[in-house]
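Look at the two complexes coming up: chain A is in both, with chain B in one and chain C in the other.
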Partner chain A sequence: MLLKNTYNEFVKILSKPRSYLGVGALTLLIGIIIFAMKVDGKSIISFLTSSFEQTLTFNGHVLNGNLIAFIILQMLIVHVPLLVALVTGDLISGEAAMGTIRMLATKPISRTQIVLSKFIAGALYTLFLTFWLGILALGVSRMIFGTGDLIVLNSDGLVILQDADILWRYGAGFAVAYLSLLTVSSLSICLSAFAENSIGPIVATMAIIILFTIIGTLDVTVFDSVKPFLFTTHMAAWRSFFEDPVSFDNIRESIVILLAHNVVFVALSVFAFNRKDITS
Partner chain B sequence: MNNEVIVSVEGLSKKFGTFEAVKDVSFTVNRGDVFGFLGPNGAGKSTTIRCLLSLIAPDQGKVSLFGKSFQTNRREILANVGSIIEKPDFYRYLSAEKNLEIFARISGAEVSKKEIQEMLDFVGLGDRGKHKVKGFSHGMKQRLGIAQTLLHKPDLIILDEPTTGLDPQGIVEVRNLILRLKNEQNKTIILSSHQLAEIELISNRMVIINQGRTLVEGRVDELLNAQELVVRFEVDRLAEATSLLSSAHATSEISIISEKEFDVTMEQHQIPIVNKLFVENGINVTAIEPKRKLEDYFLKTIQS
Partner chain C sequence: MRILFILILLFPLSKLHAQAANVLLNKVVAKMMSVKDYSANADVTADIPMIKILPSKAKIYFKQKDKFKVEAKGIVILPKQGFTDVNSFISNSKNYQAILGDTTVVNSAKSVLTTVIPNGESSEIILAKLWIDYTRNVVMKTQITTKSNGTVTTTYTYGDKVSYGLPSKMVFEIDVKKFKLPKSVAADINNTDNKSKKDTRKKGTITVSLSNYSVNQGLSDALFVK
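Moving on to the complex of A and B:
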């Protein structure tokens, strides 16, 4: 019954126009970035590298597909959660608002299975969105701009990664980025289990992400003990794969924290939905 | 009709905050019953029906369907129940056919595409199967709701206001459908409706609840026959007619309604006798209307 309802959930997601909004927005944004880099990429790169030019000389193909993909990921990883929440935040509360939750809950499927099937469908949608992001950011960029060594500027300075050493980093980076987006998906479905309207959980998800991000960036000692446990602190963990050497301990910690958040959000949703009186 | 109890509700109570929606409601529904579930708005009907379907957890009391409780047999019970609660809501962005497919997939029964089409034909939506539900009228959604209810061939059907929004022809069709389900397939049907005439026509048993409490429960014919019939007469000479009636039937209770109309309580077999009496005395009778028995009974019960 879980599989059957997961299939149902996927049919519903695929039939909703808003599901394509995220895909469309992502395509448009990446298209704009690629177009901008094609037109004016060289001057942007020379501006960024100008501060190093007194000590370093950059030879070769700096403006390549690997760099464009990194820039795209940096820019969009903040916005993709909204596109995820737009669909997943509606999964339970949207049914309550439409009244179809009544029909669902009177069928011979447990409420736990109803919630789990929505989580699975949400996870699949998020996976698709991450894949799409990967195909456009990395695949299309490499097709247009070609490949080459990747120059990454981080807090410790400049990191240059060999072309042959990059693809696995992107693979692992996208996997961790997916886990971050999955946490956003789980959070919005969890909020959706408590709400009776579509918009509330979507807005609340974004509000929580913004609030946690602000707490995470504020240099105030009172928040220091909380910061390591906020999921937003670990949403940029994918970047760690583009350090040399890679800090696997930090990545492992981020994965554990993000997974723990997912487990808590799923458990909370199942608990709340099982106890909920369906009066809509 | 047999006495196998299909639905048993004992001492059901439910509070929302401090508001007691249902207080100690009890009733039973037997196999093959068309069970009328009556009460004014806010009486607790919907809350009770939602408890019957495990949408709401009761605070107190016991609900069992087919002799089983929801705590241990929820899936088994719901696989054998079809329902429309308040109004049928569907996925507006999907077609009627797709909506039925979605609900059929989790109904616990194997329902083929052919059966879905047959069901759409059955409720008169055969040519609208591919159309999105967002373009459907309320009446069409009601029909689709009935199709969804019957799709997995349940033994117990719970219909909450199934004729709301239907045109007169639609109401007759739903009535006939309910009678067919009862007579041909021996389905058990719980029918909540404000259409008292419909309930009177098709229900064999009923319960009336008000302010969350059970007022009466029993066989419709027995409950209605326990009260006298009220008949409205329209005559050309009202004073003479009422005087004649008073002298002929000293115990009759007469209420003047207008210059030409009056109500009188009597037994059904007395109607032609009274009519003949008026005609023999030169009083022209322009209308005789037995007032709806259930409506009268319902109002009396609620008011008492």
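Moving on to the complex of A and C:
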């Protein structure tokens, strides 16, 4: 019954035009970035290597598909949560707003299973979006710009990763990025369980992400004890796969915290939906 | 009066010294000029603070007077100066004044220090110190100070192409004091615990091992067009 309901929920997601908005927006954004890189990609390389250029020269195929994919991921990781929340934030509250929630509750399925099926459907949509992001960012970029070593600029300096050592990092990076987006999806569904309209949970999700990101960025000691527990701090954990050596301890910690958030959000949603008054 | 007398005595001596330096440099330049072009395989190992890169391979091409090209499958980091600029600088004796200094041993070869000072202010090079093996007429070590790049020290090792003055290995020691990261990157929010691990060295080295030289094969100019 859970699987059947999950299928129904996924069909509902697919039937909403806004679900394609995310896919369309991603395609357009990545298309624009790839076009910009094709036209003026050298300025990006100059940004990466500017502080070293007086003394050193970087030779070889620097502007390649791997670098473009990394730039796209860095740019879009801020925006993709909005595209996820746009769909998943509506999953429960949308039913309440349209009045279909009562009919849904009359089905021979428990409320807990209804919530879980919505979570699974949301997770599948998020997976599709991440997969699409991967195909466009990595697949198309590598097709257009070719492959090559990857230059990554981080706070320690430049890390240059060899071409043969990159694909597994992207694979693992996308998996962790998916977990981050899944947390956003869970948060928005959780907020959706408390709301009666569609727009509220979507806006609230983005507001929380912005607030947590600002707290995480502020260099104020009072927030130091809180920062490690904010899910936004760990949303960029995918980037750790592009360090040398890879800090697996930090990644593991991020995965645990993101998973914990997911569990809490699902539990809260189940609790709220089971107590939700759907008669009025 | 006595000082004036000493100065009068010293002036021709210093001129003689400068002439000797020029003769030595001319021999080095003549050897360099015997190479019209070359290509070689390069194995590059960089140990530079703030840059992590594995050893890489490249093919380098050179054609007189200053055409230089690096072909690599991956990314190869090379110093901005050291391959062609010293050659071009010392190839025209009108550009500089040269003075001979002490004799020391560099890479097991007796070498004489030749200090080269540019005549005009327009030159990028402020001061060049060259340790020249006067028996083989090859440069064993250079220390070049430029306006914008700081000081780069290069040590040369020679193999079977010593007759052309082409090294089998070059070790560049570069100044990294000027390396600064963009603030937006330096303030990486995810990087909270590695301040103590930061590399604070002020010097970095790039080792270039050269092999499979092809000398005077008549490289086309088109090869160097970007």
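Just so it is clear, the second predicted complex is superposed on the first by the 275 of 280 C-alpha atoms of A that agree within 3 Å, B and C clash if a C-alpha of one lies under 4 Å from a C-alpha of the other, contacts with A are read in each partner's own complex, and residues count from 1 in each chain.
FYI, contacts are C-beta pairs under 8 Å (C-beta built on N, C-alpha and C of every residue); 3 or more make two chains touch, one makes a residue touch a chain.
Everything numeric in this text was worked out from a predicted model, so none of it was measured.
Engineer: With both structures placed on chain A, which of the two partners, chain B or chain C, ends up touching more residues of chain A?
Structural biologist: When the residues of chain A touched by each partner are counted, C comes out ahead.
Engineer: Given the touch rule stated above, what does A:128 touch, chain B (first), chain C (second), both, or neither?
Structural biologist: neither
Engineer: When the two structures are overlaid on chain A, which partner does A:212 contact: first (chain B), second (chain C), both, or neither?
Structural biologist: neither
Engineer: With the touch criterion stated at the top, can you tell me which chain A residues are shared between the chain B interface and the chain C interface?
Structural biologist: none
Engineer: State the interface residues of chain B toward chain A in the complex, per the touch definition above.
Structural biologist: Where chain B meets chain A, its residues are 16, 50, 53-57, 74-79, 81, 83, 85-94, 98, 102-103, 105-108, 148.
Engineer: Please name which positions on chain A make contact with chain C in the complex.
Structural biologist: Interface residues on chain A, with respect to chain C: 47, 50-62, 148-149, 151, 153-160, 162-163, 216-217, 219, 227, 233, 236-237, 239-240, 244, 250.
Engineer: Which residues of chain A touch chain B once you look at their complex with the stated criterion?
Structural biologist: 1, 4-5, 7-8, 11-12, 15-17, 98-100, 102-110, 275, 277-279
Engineer: In their shared complex, at which residues does chain C touch chain A?
Structural biologist: Touching chain A: residues 48-54, 56, 58, 70, 72-80, 148-150, 152, 174-176, 178-182, 185-192, 194, 197-199 of chain C.
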